[in-house]
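In what follows, a single structure is set out as structure tokens and then discussed.
Chain nomenclature is as follows: A, B, C, D and E, assigned in order of appearance, with residue numbering initiated at 1 for each chain independently.
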């Protein structure tokens, strides 16, 4: 247990030792163990985008065991997936790495103005499968947002009583938000704040652009001269927006992007802005395994400050 | 217990021995017992299409006992039906063959753009009736899809705790899907993936066509040159889409088709593509019993590789 | 325990001693302790308006600990906030001041004609976090008003059984109400009555204007010559509307207003009209801390009659 | 499904099809499958007498897998054991043979005038482990008898609702019963009646002697000239005492008895008296495996009428 | 994850992946991590014998933090203690080492012929405190033994459902057992069997003597020539008695014994007899810390085969 991990745990004073223990497991595992930084492999794209779009570029990834093995080999802090994928490897890989059970999921067969997700797992499922955390997506801005907030509220209350960590994927979407607004700096920062207020221990957001979506926000950003010109500045603002850096915020990129130069620049911006790490899905499992391991380990080295 | 059945059971490491026992019963019963292949007789058409449309072509089929007898005589692995049909024969045929209680059903009195189903049975019903499995239909793509996913989530959690097998009928339907899209290869493969992610032990889908419904999918199928020209290739792709063949996927044909040549070609394609078997309803019970038995046993022989 | 506090407790004869004990803690704490007057610091703007709009004007306020410290230093009776903010300081500041857990919240990413809020906390959360009270917002007039009334009913029933105080933020909004109507004297008085009828121990409303929104009300106000010309008269009428002064009613101003002269005039009007105190959020935490403490203490002195 | 099994099932008209299904599984499995006769391997002696007394004569029997394998190889209808032994093989042997989970057990470390047993498993355990039945011992005559009757009543109610078979080991013991009285014909017949009245589907008693324990009974046995001179007559009387043969009654011998001539005579007497079979524990697993298989299969042949 | 740990996990086929994960954590932690061997520090003597008898010989041990630190510094696999001691350090040491919450305890203020223990914690306590396992003492032979077996049965069912490991301290005591009988080889082996049959994942017994307590057992030990002359032989017999070595059995010594030569001989005997490790309480915490660390690490080296 490093001083940095102990410091991070100290921010979660309302949580019981069970939740702190599982948070320590997440922070203590893998190549980044003990640094306070995280790289997580999430694989919910099979559900979200369908199997061919997710796995055809790298067919071994159709097999649920592939992702456990990839996360283990690369030294990720954790592997996150929906119920079926976790069930398909939980016995074989029991104890090999921290698992995050995603408790809601959406598919792309139905296009809704106001997106929502289905509840697909439970806190009891997470316990029987040996997970350290539950994951949940909210869509701030969607007409279903309050229903989703209410769902995670109930799930989080149970998870915290039973010693699990709560990870919220906070993706603004739907309602009156424009497409650009989904990654606007004001909206992403706001979404981080909402997830923190809902009691998330770990918050996952997308890397924001310098677009500002809401007029009421624009006035403040301009009046207060909030720096948002660079990616690192925007990361810093999002982290600040999550309780002044006292909640763990990790970032994902957007669509699959095989230009590693750009990808590594993103990791550097997250690091330089004080972000806690990355969650890398398609960019990892859609390329050949050896290449994926190399990329993930480079990401870890960047986050750890070992690589420039 | 054959090595093949033992191998299949090994894929379900998160399940308790009770569920494995009932899965072994399904795989061990009937003419295909031990082969790892399945032919199941489902009779929910009385609920789905009404009695005359379902049973008038072969009036003995109005009697619930008829279907138990047909499945037993033909040597099917299991018989699946809604609550009423199962209740009407469960005592008389107790122990004669594995039963699957369908826990939701729809009728065709109401035509909805966004179809859903009624919950018509429970896990406790399945236990009191001696069933090895519960069945549940989801309509991926429907406006009610997430509600249905949430229902089967809760049902599956209870069923697994109590040692039952979970069978999901995954039928894309509703929302923006075209009629052709309901059996499009991309959509069927996606539906198999969704059922697997929801934790199904056995997945039932329709035989797909070579139509591709979603533009985002088309790009991948073309770029990755996924072979979908033949029925066997499409079956192979669907099986791959269900955890790389580590979940049992069985197939149904579409509308009743009394041309046995075409029907047997379908069985051959399922076999050649690595499918785990067939679920044959109307094509079986809407023809004279002796003919139905002959047809079902031919299906079994094809799946077992005994017939060409 | 002063005679005034004892008198106030006597109005709540249906409540158990646990709820009275927590109400006494609220009334007994801080610079106004024992006077029967209250100044509360609420910070739900991070959720309601987003982090930059809320905290950028005074960046230390991004840190959840800031608000606990501000309320303690100024001598407020209590600090009210959503789950995340309370969780982020509840251990560190345990026992330092009474806490009110806000159990529902809204954001401004979605603009709905009929506003509602998400349930974001529970009575059990309030107990485990050491809060004396739960807070809940209702929107009288909104298409969702009855749903919200039903939610607070259930919450209040549980809170009262477990000895907590119930604070209702009663903000008319939505439906056919005009913007001016949201602070119309008839509507604000009506909203105070509704909150009281729903069983609130403490009611928070906005300072009303002399606008009258509803024709049916106007006739009575004119016929009965209800005095509403001055702010103090309007406060008096609202307090009268909440069970003739036998429920605690406190007032907030509208948008942030840095003109302290106007602000202090509002406090004086509340005092002169028999109001029980103020709830001051943005006007407190969006200015430098020393200035905020001075302002809040002036407010307390006005309410206590120590300052003119 | 043979007519004889169907006939036996017809005696259990109050049971649901789930329980009949599991009873059919018991009666349909193994070398005696379909004959209506049963040979069951029970191994609770590790708990009842300690490991060395149980397994040292045949050390491979220390391994829990040994007993599954022995029961399977010999073709027993079922294997019965306490929780630990069933848990230790339930996954590996899932689906290989019907299992009976013993729900109470005693040890021989404490010698009590009024014996009782500990509850060591639950109906939910039986479901998760894939068992067809629960087993329970009662000690008619013990000072704790009514407590034990109450326990099995509650367990049986739950087991029957969930489709399981209830097997009662009915062993008179304790209180004023003499040692000879424990196997007295009047007492054994009485114990079979009690188990039947408690709702057992299958009753296990010891082979009775011609001793009569109770004076009140003796008068009737003599007045009515009930034939009890031969073992077969006594078996017949016990079977008659269990609802005139409409409940399944099986018999165990007493202490381990390696004289197979005597043992086979017992099986013949059970057969000739209309008993439904044997439950053979120590006599099976305390001898070398090949010899045990031969003995058990001879027992089956005798019960089936294939061997003289 | 070493092959040996994976092999041990394979023995627990009835358990869910959650329990396997926590078992892997126990086996993977500390200096013996991955070897399949365990040294655990238990501190329930404060409850069992009183504070002065427990802690006065080494006063720093009065402080609950001392024991966490000792276990961490020495590199033990786990620390086991009653509720109060675990609560007193669970936050401070969250994530530092696996914890076992003892769920029942006895004191020595009341001397009973038939000893029992109080239930002092719950499975939910174990979850909120971040424990990997629950511990429970049974007293085979006591007049309260069956009550205790029933308690652990219910606790174990819940613990296993929620993914925790079950450790049973099996200490024969009370009833007709002599003092010598409490550590007699027949009685200790029997107690290990009982714990295994009750479903324990890990069994803790005392090192047995060559005394044989029960006459019925003596006959078998002599007839079968079971080797029990040396401590290693006796350990081997106990391990065999716990499902032929397919359950983890660890051993404690008797009274505090500061003669390290004798103590290390005990560790060697455990190792040579195939025992899985030691549980060392008083012998560790009643001596100065540096000396305790040295002794515990020597124990680990002996168990790992690194020291003779």
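The working rule: a residue touches a chain if its C-beta (ideal position, glycine included) is under 8 Å from a C-beta of that chain, and two chains touch if they have at least 3 such contacts.
No experiment lies behind these values; they were computed from the predicted model shown.
A.B. asks: Name, by label, each chain that touches both members of the pair subunit D and subunit E.
C.D. replies: B
A.B. asks: Please flag the chain sitting at the greatest distance from subunit B, going by CA centroids.
C.D. replies: C
A.B. asks: Quick one: subunit B and subunit E, Cα centre-to-centre, how many Å?
C.D. replies: 50
A.B. asks: Just the number, please: Cα centre separation of subunit C and subunit D in whole Å.
C.D. replies: Each chain's C-alpha centroid was found; their separation is 71 Å.
A.B. asks: Taking each chain's centre as its mean C-alpha position, how far apart are subunit A and subunit C in Å?
C.D. replies: Comparing mean C-alpha positions, subunit C is 36 Å from subunit A.
A.B. asks: Where does subunit E touch two or more other chains at once, residue-wise?
C.D. replies: 13-14, 16-17, 161
A.B. asks: Looking at which chains touch, is this a line, ring, star, complete or other?
C.D. replies: Other.
A.B. asks: State the interface residues of subunit E toward subunit B in the complex, per the touch definition above.
C.D. replies: Against subunit B, the touching part of subunit E is residues 13-14, 16-17, 161.
A.B. asks: Report the residues of subunit E in contact with subunit A in the complex, numbered from low to high.
C.D. replies: 1, 5, 9, 16-25, 28, 90-91, 94-96, 124, 127-131, 161-163
A.B. asks: Considering only the defined contacts, which subunit C positions touch subunit A in the complex?
C.D. replies: 46-47, 49-53, 56-57, 59, 62-64, 82-92, 105-112, 116-122, 124-125, 128-129
A.B. asks: List the residues on subunit B that touch subunit A in their complex, please.
C.D. replies: Per the stated touch rule, the residues are 11-15, 140-143, 145-150, 153-154, 157, 172, 174-177, 186-187, 189-190, 192-194, 196-200, 214, 216-217, 220-221, 224, 226, 237, 240-241, 243-244, 246-247.
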